[in-house]
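Notes for the one structure printed next.
Chain naming follows the written order as A, B, C, D, E and F, and within any one chain the residues start at number 1.
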């Protein structure tokens, strides 16, 4: 199932390159700012990535969920922690979040263990 | 076209099993509560399933729409009734609901007649 | 608490008049079509108003909720039925719907009994 | 990549035909009204299509985005203009719009030049 | 009715000052970037403000709507043009946008003519 | 400004009482489950409350934001931490979140220090 992860990452970076090649300054700066928002600060990176994950889940954006799941795994979040994030997303956002939780659960299993 | 329905149901139950296998109590209870919400009460089950359908349409969740369409058909909703639900969803939620109505219309045709 | 209802209805009709006075044809037709969507059809008016109510709740539009609550009461929906609609809205839409349910509960009490 | 466009248009018109064949009057009128909203008026058609595009992007409806991109290209919108619409959609709607911007960027490249 | 406008602007700038006083760099840069997105470019400022308006309407954010209405008036948008934006927002976003259109219509009347 | 907090809490508990007095079992269980979701687990309570806060912000629910801000303060979250949550909410959800951030900033100042 590793190809699920590769396919996501490959399309993501090809299209980001296409977008950035058009030189729209506002988009470039926003994409840059996006990385800053998750940098170590008063809150640790792992917490921030879980904040990004829960926000993506209640807004029901599968690709954003995948991205933050990947970051969560790399920052050492455990399955138990990630499912507690899923639980909050499902309670706040309602059962409409369930189909996205299914795809999130599948992707989480497909992610390689942290190197 | 029956495979559209089977594929949906198969993925749905495999992933629900995966999620529930992680033993997160909040998620388990929420999924359980979800079934209770559509049980016979002051309102009949068919009406409740149509309420679930229209809510899923305006929130634009294709998988939720499919699930409730399946339930509506099993509870005896007619094509004319279901399209009246579609109409309200399109009026309340706007033309942004149209692409989901397309996929709903396709799925409705693919559903087997009530046994 | 009757003034809660009157205030809502008064502002609603004054502003609708203002909007319609500008003679935008698309808006005029859409507002007209809106009424048609809830007319008696394969589904009874009361069911359609409950469909409008649940859609308004999951989309979290207080004014739309108030409007459909008023219609529901006029069409004879009972408190028990209306709370079953609330339950589905809260399950599908999540706890984010709770604050709107509070205002809905307050407005429902304020509505005069059906003449 | 032209098949991305053809596939979208083909599915769209087949399903619209299916929906309209059910003769729900409210849906028929709404779909008709939808076309009127983008007709030449105080604002030119190209501007209206860009308004439809930005609305579709912040509401994150890929099919709606594709439809309006196609209309924008036919009305002569340039890549630079379309990316300024993308920028506003990303700023207003946040990074949650990025995955939809990726698919929009891909579709924009796939669209044939205006005849 | 001028106080509707003044009250909005006053609260808006007092709270922006409070937020910016906390020196969160990401927020500061995002607020700065926000202004850039509406600057003259391939598209004129008036068009960009109408794009911001329609996006705010379909996302149903009253304060954002007010802000862009004010900008639209200052950039010379006419009542007829603004109502064509309202029409597209209502068609795309559905009748759920109507209550926000009411408040938008009221605010538009309250805005002073362009100096 | 303490009355901002008291008024919110008072209305919230009066209306919750009204809703629960109607004995709808699904609503009762959901409200109960809501508390469980934020209980100490693999993740600490403070983190969970920040997850609830960011979810409420991107879904743009002022009352939910106020509730979680109050919980965050009681669990010892600092102003700097809370503004990092605000930053992520604004980046993920876009400038549409700004008006809610303004009301959040005002409420945060109004909250009494943790006892």
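Just so it is clear, contacts are C-beta pairs under 8 Å (C-beta built on N, C-alpha and C of every residue); 3 or more make two chains touch, one makes a residue touch a chain.
It should be emphasised that the depicted structure is a prediction, and the values quoted were computed from it without experimental measurement.
Contact count check for C-D and A-C (C-beta pairs in contact): higher for A-C. Over half of the residue-numbered contact pairs at B-D are shared with one candidate from D-F, A-D or B-F, namely A-D. Distances between chain centres, each the mean of the C-alpha atoms, put F farthest from chain D. Residue numbering shows that chain A and chain D use the same positions for less than half of their mutual interface.
If you average the Cα atoms of chain C and of chain F, the two centres end up 27 Å apart. Mean C-alpha positions place chain D and chain E at a centre distance of 23 Å.
Of all residues in chain B, those touching 2 or more other chains are 26, 30, 33-34, 37, 55-56, 58-59, 64, 80, 84, 87, 90-93, 95-96, listed in ascending order.
Here chain A touches chain F in the complex through residues 33-34, 37-38, 41-43, 47-48, 50-52, 54-59, 64, 78, 80-81, 84-85, 87-89, 91-93, going by the rule given at the top. Contacts from chain C toward chain F in the complex involve residues 60, 79-80, 83-84, 86-87, 90-91, 95-96, 98-99, 101-103, 105-106, 109.
In the complex of the two chains, the chain F residues touching chain D come out as 58, 90-97. Residue ranges of chain B in contact with chain F, taken from their complex: 25-26, 29-30, 33, 36-37.
On chain E, the positions that touch chain F within their shared complex are 11-12, 15-16, 18-19, 22, 24, 26-27, 30-31, 34, 55-56, 59, 61-64.
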